[in-house]
Each structure stands twice: as structure tokens, then as C-alpha cells.
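Scrolling down, you'll hit the structures one after another.
Shared chain: subunit A. Partners: subunit B in the first complex, subunit C in the second.
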Partner chain A sequence: MTDTISPKKGVPVWAQVLIWGGLLGLLALVAIGLVRAQRPMLIVGAQVPDFTLPLYEGYDYGGAEEIALSDLRGRVVVVNFWASWCKPCEGEAADLEAAWRLYQPGGEVVFLGVDYVDTEPDARSYLAKFDITYPNGPDMGTEISRIFNRNLGVPETYFIDRSGILRYIKIGPFVSPEEIQAVIEAILLEG
Partner chain B sequence: MLPEFGFGILVLTFLLSLFAAVAAALGHFHTSERWLESGRRAMLLTFPLLTLAAGVLVYLLVSGRFEVQYVYSVTSRTMPLYLKATALWGGQSGSILFWSWLMAAFATAVSLRKWDRDREFLPWVVVVTSLTLAFFLTLLVFFENPFTRWWQTPGGDFVAKMFAPAGATLVTPRDGEGLNPLLRHPGMIIHPPMLYLGFVAFVIPYAFAIAALVTGRTDDRWIRITRRWTLLAWLFLSLGLVLGMRWAYDVLGWGGYWGWDPVEIAALLPWLTGTPFLHSVMIEEKRGMLKQWNMFLIILTYSLVIFGTFLTRSGVLSSVHAFARSAIGPMFFAFIAVTSVVSVALLLHRWKDLKAEMQMNSLLSREAFFLLNNLLFMGVLIVCLWGVLFPLISEIVTGQKVTVGPPFYERAVGPLLGVLIALMGIAPLAAWGRSTLRTLGRAAWKPSIPALLTPVLLFALGMRNWIALVGFTLIAFVLFITLYEFWRGVRARMKSQGEGLFTALARLVSRNRRRYGGYLIHIAMVVMAIGILGIEVFQTATQQSLAVGESLDLAGYTVRYDSLAQFEHTDGRYVTRAVLSIFRDGEFLQEVYPRYDLYPDGQTMTIPGVRTTLADDLYVVLVNWENLSVFQAPFKVYHNPLINWLWIGSLIFILGYAVAAWPQKEQE
Partner chain C sequence: MKFARLGLLAFLSLVFASLFLSAGPAPAVLAQQPTPADDEVNAIAQELFCPVCENVPLDVCPTEACRQWRELIRQMLAEGKSEEEIQQYFVENYGARVLSEPPREGINWLVYVVPPLAFLGGAYLLFRAFRTWQRLAREPEAEAGSGSAPAAPPEDEYAARFEAELKKRK
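Then we have the complex of A and B:
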């Protein structure tokens, strides 16, 4: 960084090219991000496109190693996005599990934990720490989050009715199992 | 009538600011004093006009005019008056109006200064500030008008428009939606204005830098004029950041203060360039070096100010600070593109005029250390920018969206901050020009002894965490060296002038405010670092469900659950409040009252009950209120060692700032 006191020269061409290339590259990057941010989000009342969630070992669904949304037609599906690095997720982990245990025997409601941007060891110790038992798996290639295209952060939870229509969106953590229950009951009642 | 009046003022101010820019530019190119003066006066008018517009909006807010969509979306009848008034910056369009108002205030203050010696800067300062203002007014007039009202169309739909659609009638809702409860906190009332003040104040040094580039007057005059502005911007930005941390700690109930959220980082980015800028301008003033670098830094800072505002408002980033996605993103993008391209072009154009007047001739000189400080800050900046932009890059390249979590930032930034702290200790000892190891050693060896004893003592007391040991050693190093610097100066005065201790200290500091104010700020920084190390390394937590009379133990404290009450507050929220007693060694210390507020709109807030001392905080959260009964309730308890030093450090920071920036006779 030391400047030498030589005859005053301008910036060499190669440096100019580099500077302009870098600046335009950065701007292009932000522009692409902006365009992507303007993509439509999945809204309440819309049909949720099908997706397949690979499941962590020990978190399978009736022995299946992966689960497709279309397999769950006829059931209410609760899709919860979480991550092991996410502090607010810890607050709702026990509530989700409590709600799951309430509905699991009836078989009318399925909970899916979608692990957003995480590493498997961290994710597994998180699942073990909160004694979570419902099907859980990684969002490979963030394909599932991109279907919902909201992802202001984790946690986010989506409630899908028996015919595959998005009925309710919760941004941020739940504060009680009753809160989760209230949403599910309303969807179950609507038929 | 009032909303139309307010909107009319916005349109008028928008046109005026455009006129100011054009007139000032004409004044420069035609060397016409009349055009220039006309532009300056137009600029001066924007402040009273925007004061009026903001006043109208505040009046609409406090008088509950819910037919105005903005009033409807951020206030409700039950909100206290002060919250209704401060809801001016509680939503998107209001906060842009507030931003513009501050911008106009600063531009006015700058236009009113004496310009005799720097007349050539004036046109371009007016051009830059009024174009920036015009940009924000464009957003207000065309995209985010705070004065739109609710109308019902003949078809029965409700629409928010400024003027009545054909056949529509004005609708006045009975009550508003109210401000997000998370924002109903004293910290939230002053946190955004502080950040805005910091952001907006950085426009002034940038405007002077551009003026210097355009006019070719590339000596350090622009830096001397704007030194106080830069310091002011830096103070407000720093306070804004600390207040945000305090708010998060008090209100969010997760036991922390900083989560490396993209929006937090967006506010941190300009600070990461503003801080090295403050340091490296000193090199330019003293040694005539780093001129190009300083120009680059201030351009970068300004761009990051706009970029940070853009990031939080455009929905580009995934963030828990869930602002609405809005149409203003592309506008911001265009503005950033234009300003950065123009600034860089100007900088390259003047590059050869900005060559250093002197050479760096010692790696141990003050300027070499300052340069190292600059590079380290750039390192932190790159880490943060990378963390923010990486998900975008990854999505484009691999199709996967990957987010980096706090561990990435902590691992990457931690070591850089450690070296920065060490530099804070050494750099002030080095002389301008050149120092030798011998001179540095002579100044540093005495205070280094207690600093080196610190880890030994901490180890003997049972501290085994090596990060903490290294961190506290560095902190002690800076603290002792800086205090020793004060002592050396005081002792010299006491000997040579025969002054008493306090007189000597007062005179020492007042003779060289900038230096000793800076030292105080360094002390503030390491005091804050004590708090950060404490909570980051030693935080412990436990969660348990307690029956009345039962207790839990954490970090030597016993917390007993005594009782619980549920009641409705006058503002409509439903409060669940627990009473717990804290004991240590069987001795009663105090009661804490964690509570859970449920707002009528379903929003909730978890307010912790905190016992706070200089050594630690015991932070009790009522976890799950619906599951609880008067007899049984679950609690999460955090033990946060040393966290208070973070807040104490910020108070020392303000003191240091006051010393450094207190007006004194202008030095020429």
C-alpha cells in the first residue's frame, strides 16, 4: 500500500478493467438477488406444488426413507422449516413435538420437519436434544424452501389441508402447543 | 384536506431539491454566483418544508386519522401519545419521510456554514445532498406515499390511494392495526433515529469528498471541514447499534444481544468502513498519505449506507427483520448503481492528483499501524459482505440457497477483532514517521507486566477457556497501556507545571482533546469487549418447569417460583406475570418479574425478569404461558456473566466522543 513518489501517473488500464469489472459484477449480483426477491410467494389458498423430503435415519415415515407431499393427500400437513443454528427454533421445538404427539395417534395430521441450510451432525444433535420424533429431513438444494419462496428466516411453518392447499402461514416461532393446535383444528373442521 | 396538503408539500420539496441540484451545477459551470445562491436557497427551503410535512403526518398520527393508510397501519386507539407520535418512523413510508427530514436538516446546517474559504466546494455539496434528498423524495412521492387514504370503490373493494378513484368514497376505519408490539419499547423509539442520524450524517463527508474530486481541490481541506460530521455520524451509528443490542436483550427474550442477522449486518457495514476512515484521515492530515484510500473509504461508506437501507427494505435478503417486500427495491438499486459508478469514475479520474506527498518509511510507525488497522477492518467487512452475499452467489452458481449462520461470523471475525484490540494498545505508542522496537518497548513494558499477569491470575482463579484467557489478556493490555498513557501525561504536567493530579488531568485532556478523547473511546471499546467475551464464552442456561415454591439452581444462584398473576392492561394487552425470588447461598437477593404480553392482534412479547449486577445478569424468561397454571410454570434462566460492561462501555464511549469532538477553536 505504500505509495511511491514517482512521476504522477493515472490508473493503468488493467487496473481500471479490474475495478469496473468488480463493481459491475457486484451490481449484477445485487440485481439478480433483487429480481429473485420479486418472485411470487406461495400464498394462502394456493395449491402447494409437490416436493419430496429425504428423511434422516430414525426419522422415517412408516419405514419410508423419503416422503412426498402427494403421498399425504387426505391428511393435514404441517411443514416446519428449522435449523440447528436457529435460536428462535429452540423456543418452539418442544411445542411442535407436543402437538405432534397429540395428533400422531389419530393419523389425520402429519408433521414434517424441514431442516434448512444445516449440517447433519448438528441437525441430529438438535433433534435428539429436543426429543423430536416426527419425520425430519434436510432441504436438499433448498428446493423445498424455494417452492414456498418466503424464507424470511427460520422458523417458518406452513399448514396444508387435505387437498394440498396452503391454509395458514406462521412466520417466527410458536409460543405454545395450543397455538399450533388451534390452527390444525380449524383446518380439520373445514374438512 | 390535511393529507392532500402534506402530499403537496412533498411534491413541492421534491421539485425544489431537483432545482437546487440543477441551479448549483449551473452556478459551477457558468461561474454564476446568482445561480449558485439560488440553488443554495432552494436547498435551505427543503428543511422547513419537510418539517411541515412531517408535522402534518405526526398530527394525523396523534389525532387518529385512520382514513390515512399509514396511520391505520402503525397506530391504534389504545396506544399512548408518545408511541403514536414516534410511529412516524414505525413503518416504511413514514421512516423514509423521517430520513428525508434528517437529510434536509443536515444539508441545511451545512449550507449555513461560512463558505468564504471553500466557496468552490459549495455547488457540489449542494448537488450531492440535494440529489440524495431528491432520491428519497422520489420514493415518497411516487412509491411510498405516507398520505394515501382508504377508499371504497363502487365495486365494494377497499383501495389505498392518494386521490379518490372514480365514484369511490372515503373510508375511515374505526381503529388502526397498531404498531408491532416488539417496537413498543423505549429502546425501539430511539434506536432507529440514531441509526438514521448516523446514516444520514455520512452523506455530508461524502458530499465534500465528491466536491473535492470534481473541483480538483484534493488537499486535506475536505477532511478538515467534515471531521466533526464524520465523528457525529460515527457516534450516532455506534449508539444506534448499541441501542439495537440493548433492545434485543431487553425485549426479545432469547438471552442474547446480537444474532448476525443480515439486517444487523447491514447496519454494521458502514460502521466497518467509517471506523477505519476516522483513523486513516488522521494519516492524511499529519502525513499527506493515503489520499486515494480515504476517498475510496468515504465513497464505500456512503454506498454501504444506501446499500444497507436498500437491503432492509427490498426483500433481497432472508431476515427475521421482516420488512414488507416493496416496489422501492429497483429504485434503490438504480440509485446505488448510479452513485457508485459516478463516484468510482471521479476517483479514477483524479487518481494521479491524489498521490501521497510522503512515503511510508517504517513498519513500526503510527501510520503503518493505522494502515494495518484499516486492513483488518476491511477483513471484517469482507467477511460480513461475504456472509450477506454468499447465499446469493451460491444460489446463482449452484442453484442452492445456503445461509451462513453465526458460527461462520464468530469464527472468521473473532481473530480479526483480537488483532484489532492488540493494535489499539500498540498503535497509540508509535510515533508518526518512524518508531523502533526500542521506543515501543520503553513505552510498553511497564503496563505490559500487569497485562501479562492477568491470564496467570485468571488461570489461578480457575479460568480454563483459552479464548477467554487470550481475550482478557488483550483487553488488559490495552487498558493498562492506555491508562498508563494518561498517567505519563499527567505525571509530566505535575512535574513540569507543579499542578495537582486533577488539574493536570483536566489540562492534559483539554490541551489534546482529540488524542485523549480517542483514548477514552479505546477504553470504552475494550470495556465493551469484556461484556461481549463474558456472554459469548461463559453464558449458561437451563430450562425447567417449576411448581410454586420449587426452585432451580444456576451458576450459584437459586431461583424460586413464588406466584403468578394474569390481568388485562389498560392498553388491551393481556399480561401474564410471574414473581420469582433469587437467592445466593441461602440469602435472599431480590424478586424478578418475567412476563408474557399477549396483544389483542395476537402478537406476543416475552419480557425477561433480570437481576443485574456488574458481575453478571440472571435473566429469567417465562417460556410458555398457556401451558402454565398458577401452580406450575416453565422458566428458562440464563446466566450472562459480565454483560453489563457492554452497556457501561457504551457510556464511556459517549464521554470519549464528547471529549474528542467538543467544539474548540478551529485549528488551521
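Then we have the complex of A and C:
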């Protein structure tokens, strides 16, 4: 009866620390990802983060090949997301251009066309087809879309006031230039 | 007369020679680029994902956006661009999310490192568990074969004494 059983060997402490540390690290990463994914969309009344839109050749803004939102402080900015493959976008293209031509001489309002996941040849055909003249450019790497937390589709239009605050969101196409004009006038009146 | 004919010949030769030289080299004939086949386009498209509809490979996506993308791939192939160059163009324009495999950089490495490590760790734990189970299964057999009293856990003293008594009576 002198036999003894050797104490059971467990997983070494360093390995346990490594495993638990790794698991906790992974859980933290998943949690961060979930929090980011559930971040609320950019809401009306929020300050719009700055972004820079590279412009298509021939669609520059005062000779500049790219335009930053911060450069437009003091003006009302209309940011329209569109794509050449988007049929509803075609419905509002002429209305947007008409509204732009109405406000362009005053210089108080700037329209920006953000081309969402599109190919340049098709985008240029679209711009030419609808005789669009306001500054337009591609959403490189979909970075601008992510600022606006867009996940619904195109077209979408965001109205930003003179101090960079988001004032109105239009999901879907406009039905007339007057609809666009009404929103802009309301923002201009508020100062 | 002979000199006059020779002179005329020399003059005409000079005129033709100057005309020939002034014409310059003949314009290069541009070879018609063959249009890449659907299979070539799809070989690249299947490595990319539609940015509009989530989790749909570009080669099978029926949307107009993806049709345009496939045409763009065809155009770039016809221009002689390589698969890497085309993928790079798509990443620059539409973001890394269009890739079917995340690029091996930064935090993306976790995708490639964690699963094999977890698999190896699991295999090691299973190996250890199997060895322990094997040892536990062999110990009673070995003890029975050696004729000595089976080792009993200290807490099971009654069973050990019982086994010892049985041995004595045999």
C-alpha cells in the first residue's frame, strides 16, 4: 500500500495565460466590431465630418481637382449620392441640375455629386447624358459613404448648412426641382 | 547628249530619294487586341465581390453594377493589365471589402493566423486528453497483470483493503 499516484499534470500556467489572453483579445475585437457596426447613422443636427471628393475631369470646382467639405464652410452644401447603374437616379438627375443652375450664380449653395461604386466610363456617359455641370467625382474606396453611414442605396441626398451641420436627408429620388428648392430655401432662411 | 541624259537621271534619282526620305517611316500598324473571353473575365471576377449586394461574387451577380464591373475587367484585360493590377484598381476605387480574401496586412492577419492556431491548440488538447485516457485505461490492466494489489486512490481506502483481503484469500 505504499503506491502513490503522481499529482495530475495540468496545462502549464504560461499556456493558460496565453489561451485566456488570446480569447479575451478576440472577444474584445468582436465587441469593437459590433459597436462600430451598430453606430447610429449620421443624424440630422449632427456635425458632418470633413471629407475630400476627388473630381472627374471637366467637373472641377473653380479649377480645383478635388474639393473638401471644410472648404465650403459658409455655404449650403447639397451632397447627392448617385450611380450610373441606378435607375431612380436618372429620374432626379435633371431636377438636380435645374436646381444647381438656379443657385449657381448666387454662390451660396454648392452641389456635390458623389458617384457611388461606379465605373468611370459609365459615370461619364451618365453625366453627359443628363448634361450635369455641378462638381462630381467618385467615392474612392467608399470612404465618403462610410462617413454618412449609408447602407440603404442610391439615390440619397444630404443637405448641410453653412456651419457644417446636417439639416435634411432625402432617401430616394426627388420628384421636382421645387422639392429641392424648398429644402434649400428653408436652410438659407435659418441662416 | 549622253551627259544630259545622265544629268536628268541623276536629277530624277535625287527627286525620288528626297521624296522617299521626306515621307518618313510608314505608320505603325496597330494590332487589333482580341476581346477577352467570358472565362478570362470571370476568373478575375470570382475573386471579387459585388459592393451593392453583400456576399455575392462578381462573376454570378446579376445586377447592372456588376455587369458594368465585368465589362471594366474585360476592358482592362484587353489593355494588357494583369490580374494584380485589376484587383488593385478595384481596391483603390471601391475599398478592400470587394476582395474575396482580405489583404494580408494589419489586423486582417488574425483571419489567417487565429484559425490554424486554434486548430493546432485543439489538436494538442485532444492529444493530451487521449493520452490521459489511455494511461488510465492501461493502469488497472497492468496492475492486474503484475499480481500486486491494485493501486487505489487514497480516498478509496476501503476498496483497497477489500482488494488486498481478496488477494490474501486466493
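Methods note: the second predicted complex is superposed on the first by the 153 of 191 C-alpha atoms of A that agree within 3 Å, B and C clash if a C-alpha of one lies under 4 Å from a C-alpha of the other, contacts with A are read in each partner's own complex, and residues count from 1 in each chain.
Criterion: a contact is a pair of C-beta atoms (placed from the backbone, for glycine too) under 8 Å apart; a residue touches a chain by one contact, two chains touch by 3 or more.
The structure presented is a predicted model; accordingly, all values stated were derived computationally and were not measured.
**Q** Going by the contact rule set out at the top, does A:V30 touch subunit B (first), subunit C (second), both, or neither?
**A** A:V30 contacts subunit B only, not subunit C.
**Q** According to the stated criteria, A:F130 is in contact with first (subunit B), second (subunit C), both, or neither; which is it?
**A** neither
**Q** Look at A:W85 in the shared chain and tell me whether it touches subunit B only, subunit C only, both, or neither; answer first, second, both or neither.
**A** In the superposition, A:W85 touches subunit B and subunit C alike.
**Q** If we overlay the two complexes on their shared chain A, which of subunit B and subunit C does A:G172 touch? Say first, second, both or neither.
**A** first
**Q** A:P138 contacts which: subunit B (first), subunit C (second), both, neither?
**A** A:P138 sits against subunit C, while subunit B stays out of touch.
**Q** With the two complexes superposed on chain A, say which partner A:Q16 touches: subunit B (first), subunit C (second), both, or neither.
**A** A:Q16 sits against subunit B, while subunit C stays out of touch.
**Q** Count the residues of subunit A touched by subunit B and by subunit C, then name the partner with the higher count.
**A** B
**Q** With both complexes superposed on chain A, which partner does A:D95 reach: first (subunit B), second (subunit C), both or neither?
**A** first
**Q** Going by the contact definition given at the top, which residues of subunit A touch subunit B in one complex and subunit C in the other?
**A** 1, 3-5, 11, 19, 29, 83, 85, 117, 141-142, 153
**Q** Show me the residue ranges of subunit B that touch subunit A in the complex, using the header's touch definition.
**A** 254, 256, 259, 261, 289-290, 292-293, 307, 314-320, 322, 325, 329-330, 333, 336-337, 340-341, 344, 348, 351-353, 355-360, 371, 375, 389, 392-393, 395-396, 398-403, 405-407, 596, 604, 606, 623-627
**Q** Quick one: which bits of subunit A touch subunit B in the complex? Just the residue numbers, please.
**A** Counting only subunit A, the residues touching subunit B are 1-5, 8-11, 16, 19-20, 23, 27, 29-34, 36-38, 83, 85-88, 91, 94-95, 116-117, 141-142, 145-146, 151-153, 171-172, 175-179.
**Q** Which residues of subunit A touch subunit C once you look at their complex with the stated criterion?
**A** Against subunit C, subunit A makes touches at 1, 3-5, 11, 19, 22, 26, 29, 83-85, 117-119, 121-122, 138, 140-143, 153.
**Q** Show which residues of subunit C lie in contact with subunit A when the two form their complex.
**A** 51-52, 63-65, 67-69, 71-72, 75, 91-95, 97, 107, 110, 114, 117, 121, 125, 149, 151, 153-154, 160, 164
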